[in-house]
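Scrolling down, you'll hit the structures one after another.
You will see two complexes here that share chain A, one where it goes with chain B and one where it goes with chain C.
Up next, the complex of A and B:
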């Protein structure tokens, strides 16, 4: 990222009772390398922890991972909690194995966008994709 | 009281037991004497320990899937399908992630929502919520033994309910179900809670009912060197044996290099015999389980079958007693029952083709076995030293000091300083040893092999190399190539 531009702060975590730690570690590494300030709240993070971390660090975006299939239950209401906390406009991205079973991705994506996420990513997405989208969504024209 | 590897006093056990059974209403359904009577009526063909022992004698490898859904009847349908259409030799009941964290209220919501939307909203079977009678309905609905598979740091209530419910095998352990499965559970606590589990299993043993116990081998499933998972397996074997467990299946997760994987399975059994014998546990039957690749899978189903079949071949060549099977949906999460059965059929085809082929022996296999044994002994001996001869205490202190360390684990009670990477031939080595108590001779083997790879790839070994390795199999390779 160019130095005169504000460094974006991202809250990163794995939601619910999910303990998948490997992708979280890789995302932290890749996002930091790409020049973002990463606030990693780690695995087994509750909705409240995401919102509190975003409030405390004045974050620009919340990045939610879910690998174990309970994403649908765990993510519901996160946007409403953000609104209640006065950060209703914060960008929210979600990705992973979001539902139980192999379901049509277009349907899954629609479900998560309807929940208030700005973007949803299917299984197997590489970190670079999210990095490119973040830069685009925040109006950065130049790649890191 | 200081933690130690001592058999839990029965009165003390009963005291703790009151609390455990009171922690959720279904706990009241457990009547230990009635449960013993029920277990004693289960026929031999539905008993896990018997079937494993028989397979070990015959030198064959049994196939077992993972599977579990929210509702009882759907779960029964799933298990029957895997038995009839997949040909599973052994069956599982995989427990959902809320139950694993003792969040029974959320599991209850998941059950109710699954009922209303008509599909499973949970990633497993919430056995505690369903209770004893439902568990019995499950195990009675199939013709093969069924094991509880989960990832629960405090599994005491789950054990009470599922053993009373007729399951004849139980996965997990105080280290293997804490360090990879929790963020904030002290090791001392999870080891104690699993001493309770093993004591209960030991009680069933005293009453003539053999319940198989299986420490979870693959840990984080991500580039775990054999010496790390072997150390954990042997510690948990010692802890279980002290509480009276007699049937133990020790596990290892496929790394991908045939020589290393075969050496790992064979050395695991030999090391376990050595340590159990040394501490005076002579009447324990040791069998082995090989887990097909636990890391990231290719999205393409044909490629996934390639990974599955290589795991099956390795399990057969290592003569593991059983193999845990993956599915072509692995990259997408929880599989359908059809995909799950397809994984078992692919596996069994390979197992059947290889079952009569003799053990392979070659020089490199021998030296790999010796290396794994030397590494594992270095760790275990240091842990014993740290615990003044007590392995339970030594384990807690050893984790604090990073003497034993699991790569990529979520737990804050794990040092997390190891950095594993593949060597040029795809075997998992260590790029950073953290505080592992290895001598220079062992370290030099790792350095040399990783250096060789760096040279071939024209780059210095770094964290990027580790990331490339983590993604490699998903991208169609074993060793991660530079981008």
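Up next, the complex of A and C:
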């Protein structure tokens, strides 16, 4: 990232009762390497933890992972909570294995966008994809 | 002979402890009434009379003359942060650990109504936090502007987002406040940093509060009123747990201090999960943690204790009729000097103390929350797991003077029927038999190893 531009702060975590920790660590590493300030709240993170963390750290985006197939239930209402907390405009991305089994991705994506996420990613998405999107969404033209 | 005179100006009594430093022996203890309205020295002199007989009628020269104080209302503070569970809690922890009486904790942007509450309480010090470093600025700036207009609370310690701290200071200085900026209590979301704020509170106490409370006169005779009494107890606990370079401590421990107005619990423990499959959540816990229960006390807070527990339950524990319990509780509340006069009154006093120990520990200890997942039950821990802590120490007037202190302390232990509350399970039960913990915390400032030996000698297994 260019020096004079503000370093973006990201809240990262695995939502719900989900304990899959490996992807979370890889994401933390990749995003930090890419120059972001990563606030990792780890696995088994509740919606409130995401919101509170974003509030205290004045985060620019929230990156939610869900690996165990219950993403839909766990993520519902997160945008509304952000609005209540006064950070309704914060960018929210979600990825992992969002639903059980192999469902039609276009349908799944639609569902998560309707929930208020700015971007949703299918299983197997590489961290670089999110990095590129973050830079684009925040108006950085230069790649790291 | 190297002698130390250790003084505790309490809300009611001024207690003095004379110690032979080399042999780590208590030579004498005595007490007088705390006379902060007239001259603090009167009560001190009264107490000193009490130890004279142990020195053949004339006071010797004490090389160390140190005091702590909870007189004149103690160190009264308000803590302010952004999110209740994060910076507001971190600020509260910092204030409690510095030995303060926390009058209120406020989160998010202060309202006019909350400002009125703060003004009504008129705290000695306000601790202002909010935002991690580089994080939220709006709230702490808003709160600084609100505090600038406050009528009370002229001393403000700023321990919030460093990117806003200078602006916050300017706003408050312009309003004529005495502002001290220190490191953020929560610099990063997962990093609690309460020590710099605690240190700043303590320095402010020394410089300003001692004066304001009319304790400065005492400094003609003593070398210094070093800290609030609860901070001295926590200091002693820290020393006893961690030891010194010359002598090892006892390791992790918990202290239950049952007083007339409050019940304090101090834990010196990491509190990490002891079972596998448990995930820790929430603010990291300070190794030295103090909680204060303002509704649980033996005298001044006897009525609120009765209300919290309920007359029926207290009567059942005491094994006495409800009416008798209620009338005794009122009697000791109205006359705080009253001591149990017969066996039945002892039973009620014991039940009150046991319940205070029970509830104070329940609120201090961490909890396990069950989360149901596709794999079955998973556990989330909030707060400290104290189940394996090896020492539980009792102190405070009732415990120290009780014929069977173990009965009281047992109230604090882990219970089978409350498996999610992580209290100490099978600790060794110890008693601060000569009520010297605060004195140990004071002596630790100048002679830590001697203070440690004193603690080890006078805190005995029961």
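Everything that follows uses one rule, which is that the second predicted complex is superposed on the first by the 144 of 144 C-alpha atoms of A that agree within 3 Å, B and C clash if a C-alpha of one lies under 4 Å from a C-alpha of the other, contacts with A are read in each partner's own complex, and residues count from 1 in each chain.
Methods note: a residue touches a chain if its C-beta (ideal position, glycine included) is under 8 Å from a C-beta of that chain, and two chains touch if they have at least 3 such contacts.
Because the structure is a prediction, the values reported are computed rather than measured.
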Given the touch rule stated above, what does A:97 touch, chain B (first), chain C (second), both, or neither?
first
A:57 in the overlay: touching chain B, chain C, both, or neither? Say first, second, both or neither. second
- Query: So, does A:72 touch the first partner chain B, the second partner chain C, both, or neither?
  - Reply: first
### Task
Please indicate which partner A:19 is in contact with in the superposed arrangement: first for chain B, second for chain C, both, or neither.
both
I'd like to know which partner A:44 touches here: chain B for first, chain C for second, both or neither.
both
Overlap of the chain B and chain C interfaces on chain A comprises residues 17-19, 42-44, 68-70
Listed in rising order, chain A residues that touch chain C in their complex are 9, 17-19, 37, 39-46, 49, 52-53, 55-59, 68-70
Listed in rising order, the residues of chain C that touch chain A in the complex are 82-83, 85-87, 131-132, 134-137, 186, 188-190, 279, 281, 371-374, 378, 380
So, in the complex, the side of chain B touching chain A is made of residues 96-98, 100-101, 103, 106, 109-110, 113, 119-123, 151, 180-183, 220, 222, 299, 329, 331-336, 339, 408-410, 463, 467, 470-471, 474
Chain A residues touching chain B in their complex are 16-19, 21-22, 25-26, 29-30, 42-44, 67-70, 72-73, 97, 99-102, 123-124, 126
